[in-house]
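Down below are the structures I want you to see.
Two complexes come next, and they have one chain in common, subunit A, joined by subunit B in the first and subunit C in the second.
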Partner chain A sequence: MIPALQHMGDPATRSRRGHRSLARRTADALGRAVADVLENDELASTPGLMQSLDPRVKLVSILAFAVATSLVHSLPVLLGLTLTTVAFAAASKVPLASFAAKVWSTAGFFGALLAAPAATAWITPGPVLVPLGPLSVTAPGLLIAARLVTRVAAGAGFGLLVVWTTRWTDLLRALSAVGVPELVVATLAMTQKQIMSLLRTVENMHLARESRMLSVGTVHENRGWVVERMAFVARRSMKTADDVYDAMLARGFDGHMPSLAALRTRAADWGWLLTSAAVCALALGIDRMVFPL
Partner chain B sequence: MTAEFVLSGVCHAYGAGMDALEGIDLTIEAGQHVAIVGANGSGKSTLLKMLDGLVFARAGVIEAFGHALTEDALEDPAFRREFRSRVGFVFQDADVQLFCNTVFDELAFGPLQLGLMPEDVRTRVAETAEALRIGKLLDRAPYTLSGGEKKRVAIASVLTMRPQALLMDEPTNALDPRSQVWLLDVLEEWKRAGRTVVIATHDLSAAAESCDRMIVLSEDHRVVADGAPEEVLARRDLLLSVNLIHEHAHRHGADRHVHPHAHEHEHA
Partner chain C sequence: MHIPDGYLGPQTYAVLDAALIPVWMIAGSKVKQALKAKQVPLMALAAAFSFVIMMFNVPVLGGSTGHAVGATLIAILLGPWAACISVSIALVIQALVFGDGGITAIGANVLNMAVIMPFVGYYVYRLASGDAPGHGRRIVASGIGAFLGIVTAAIAAGVEFGLQPLLAHTATGQPLYAPYPLSVAVPAMAIEHLLFFGPLEAAVTMGIVAVLAKQDSALVEMKPASKPLRWLWAGFAALVLLTPVGVLAPGTAWGEWGADELRRTLGFVPAGLEKVGGLWTAAVPDYAPAFIANPFVGYLVAAVLGSAAVIGVTWALGRLLSGKERTAPPTPPSGRQP
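This part shows the complex of A and B:
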């Protein structure tokens, strides 16, 4: 039988206004973060255009696209490069809605925040499109802002495609193969592992708290609890780091991280590399010749 | 028999008032299977870490394979390489031990550190993965594995180094019954191969089943018994005093009676 006390309080997960508790919201967010990482690995294992490429080739080609994107000035060409990322995503069976949401809601949004001042008459004088005094939006300002946002979105799109279509382990191997020091790659690998482990810990802490709560708690209480738990997680992560180092020493670690990583480059990879170079050259050519500054 | 580890008057503390070991005198011979048992906090894990040269005694002497095992000695690359190739350590928390990108890298880490040729490393990884039935996991990232799979990989990551002595901290911890049986089989194979195994545990049934010698640590961090498992387990007063078993009352039908009960799930 449920004790009378529990009938009296609000449900642990919802307040009178129907809001979910901090514990539940945080636990859900952490759970989603872990699920996202696992889903990324699953997507990277799905057959598709970019999944089939050697990760080293992917890294190099994406670097070329990023450089081209940063050098292009014309909005139509930038839009073309952005559409290219969407085409690559479709050919790689990346869910387009999710891809667009990630690129535009994060990179696009933050790009827009940064670009917003440039759209005003205060920074970029010119014919006014939307009169708002010193913050009026001007035509040349809007063009500059649009260029910046599109450039950020295209660049982020290429980067996200690499991350989503490459298994984390292959990405680390590729970084190692293109000359990133082994210790840096090992640190990246351990950092990701630590983050996953700590996410699970924090998620469980929030769930454990929620399971013993009869109300959503005040903002002050929740804030205090979160700060206290942050300190606990920090201490725990330091202890884990010490233990991991001991485990490495126990298996003979002497500062080097040799690897047997075997990555193969096939004809299709060279084809992709040449196509990428051609697309980048074409984008720059059109930008310079068709849309000169 | 030759002594692999000799501890004389070993003491350790993690800080003021945080004693971990007190006056430990032990000799572990080559080929012995030894269980170090004791309640939580008795110093079992610290003792294992000392045998692996990860923690050093504040007082006393530890020798491994006839050489003093000190921080200075392990600074010598030749000694460190020799020692690490001969002693393997399976940590209690498999998550701590699995720090590489993939299971394959995890199994290859030790042999690569020992400087083996790539072909030899691949052969060792393949053989060990087959023996421990983890071949299908080689391409996976360790954090995606289940608890039992992680433990297997952690053990495999040490076995690829083909150590002469294997140290295991709470090896049956977090293992389901089938995996526990599998682990006992692995230890049995090691026994037949004449290799040394030292396990730290408070699982008395696993210790009795897999070892031919049992060392009991008390809650004040001293060795209070050292002998064959059946002899040690017969001393119920001692086991009660070191908090390895407790008085447990329950009913069989209408009868209520009290008898000693081990910490885990085993009636002593």
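This part shows the complex of A and C:
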């Protein structure tokens, strides 16, 4: 299903300390990026709660959840919203371990790093919970940090649900349906295809370099090579743009973008939209009335 | 620099998201005027390039790697408005396809990386490269533009973070979103970009411009100075003329106290500060030239002298680093716009 994009480490291009070469590391990262997109499309095609929704309804409802998350201030309600993302993921047959790992790696980890100093007396004075001198953890500091990390995790979770349960073509249809100009939608569609093409090109460049190298190379050599390859990609991008336009003209392009196929909402979509609105309102109501600041 | 959801409150992200709609409309109109129907594949490829350039690992000191944003480079290749659209599209795809950067924070991310960075980078590049026909000075100018572009964008992100405790907090003053005040957030963002990401962005941009200048010089040629650059000079002159307003502000900027003020405030002057405080006597202390009695006129004259010195040194450095290249004037390419 997924092409052979995972590369095994080759001892010949490892440094004395066992580190992989720059070319290998970059090729692996690029391969992972391509594989992620293909896996997302595969996951979005499997039956599940979020996958069954009209993409417009899904987009609007997730946006409502993201806005509600930004408006909520109490930790229990934020935790509830975070658990809601997990419940939606489970109902959509999204692998929960991967979901949690992705949310944590993209948002939670950096959120925690950023929030950690705010938990200390250095930034937030208050009653000390863990005495560590100027870096003592204070009660209000811990609350501020926990609130930030939980909100970031919930926001990332809702965002990831859109990414993982919506095919790119459906997302474009939804954007088109909610009023985004056709020209922008067409550019987005073409960009995604070109990104995949350029990622493959750049991955192959790195693999080709990897296969020719007998050592990991010096920092100076590697930097020079990377910059030269970036310049090549820039030139190729500009040239490909002309080629793509020529191909469009050859196929009869007259300046108008064809509309994507129309979407149809079902009763279940309206039900979902109403339920989402009710859950958001409930979360805000509990936040304001049960846990006032 | 990709801000996820949760760091910015609704007062900030709603304003930034709404403010970008007219910016995108103007950018679309400008690009359409210059590029006609070819805009779609060109914008798509530029956006794809913008995305991919962020995936190149560039080796830096100590065996670690970093990545460039490339917004200034794209502005140099395609013009700032086209760069604005291309980088915006790349950021939207990063958020919607790869989950990098928040949905509500798209406005802030676009403002920092697709508006501030390419525009500051491009106009600094134009200013620093002047009308020099050779490539040497332009290569240096591209580095200066890229450096200042990313540092300015980082400071903007720092301001957005630092405003949160002021805009949204509890009755007891606890911040509800990004928790650090301006005095922490701005220096934190500025310092890491001044010391690490700025030099990296500058080195990558200079390297690519140098390679392109050698292999396909039409891509990095430049049109003669156009209206926006003249407006930049006009804006600069207006700011210089407005500098005397600063005399109306009482007190000294925080952390810039002299020994006399410290003595008045604290009752003493720290020994170390007193020892090294008098090592250097400025030619024009307190922005007040000794030969001018009126403080407003003195402040204005100081602004003119200081600006002239900065422009002169930058111009001289550019000349020096460019090796005084003089070649035939370039032919403007057809695909770019100012």
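Operating definition for what follows: the second predicted complex is superposed on the first by the 255 of 293 C-alpha atoms of A that agree within 3 Å, B and C clash if a C-alpha of one lies under 4 Å from a C-alpha of the other, contacts with A are read in each partner's own complex, and residues count from 1 in each chain.
Assume contacts are C-beta pairs under 8 Å (C-beta built on N, C-alpha and C of every residue); 3 or more make two chains touch, one makes a residue touch a chain.
All values reported here derive from a predicted model rather than from experimental measurement.
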| item | value |
| --- | --- |
| First (subunit B), second (subunit C), both or neither touched by A:66 | second |
| Subunit B versus subunit C as contact partner of A:248, first or second or both or neither | both |
| When both partners are placed on the shared chain, which of subunit B and subunit C touches more of subunit A | C |
| First, second, both or neither for A:240, with subunit B first and subunit C second | both |
| Partner chain(s) touched by A:190 [first = subunit B, second = subunit C, both, neither] | both |
| First (subunit B), second (subunit C), both or neither touched by A:291 | neither |
| Subunit B versus subunit C as contact partner of A:270, first or second or both or neither | neither |
| Which of subunit B and subunit C A:169 touches, first, second, both or neither | first |
| Touching both subunit B and subunit C, residues of subunit A | 168, 186, 190, 193, 197, 240, 244, 248, 253 |
| Complex contacts: residues of subunit A adjacent to subunit C | 19, 22, 25-26, 29-30, 33, 36-37, 40, 62-63, 66-67, 69-71, 73, 102, 106-107, 110-111, 114-115, 117-118, 123-124, 140, 143-145, 147-148, 151-156, 158-160, 162-163, 168, 171, 181, 183-184, 186-188, 190-195, 197-199, 202, 219, 222-224, 226-231, 233-235, 237-238, 240-242, 244-245, 248, 253, 255, 257, 293 |
| Touching residues (chain side subunit B, partner subunit A) in the complex | 49, 52, 54, 77, 80-81, 84-85, 88-89, 91, 93, 95-102, 104-105, 108-110, 112-114, 118, 121-122, 139, 141-144, 157-158, 161 |
| Subunit A-touching residues of subunit C, taken from the complex the two chains share | 4-10, 13, 28, 37-49, 51-53, 55-61, 63, 65, 73, 77, 85, 89-90, 92-93, 95-100, 102-104, 170-172, 174-180, 184, 203-204, 207-208, 211-212, 215-216, 219, 335 |
| Touch list for subunit A against partner subunit B, complex | 38, 41, 167-169, 172-173, 186, 189-190, 193, 196-197, 240, 243-244, 246-254, 256, 258-261 |
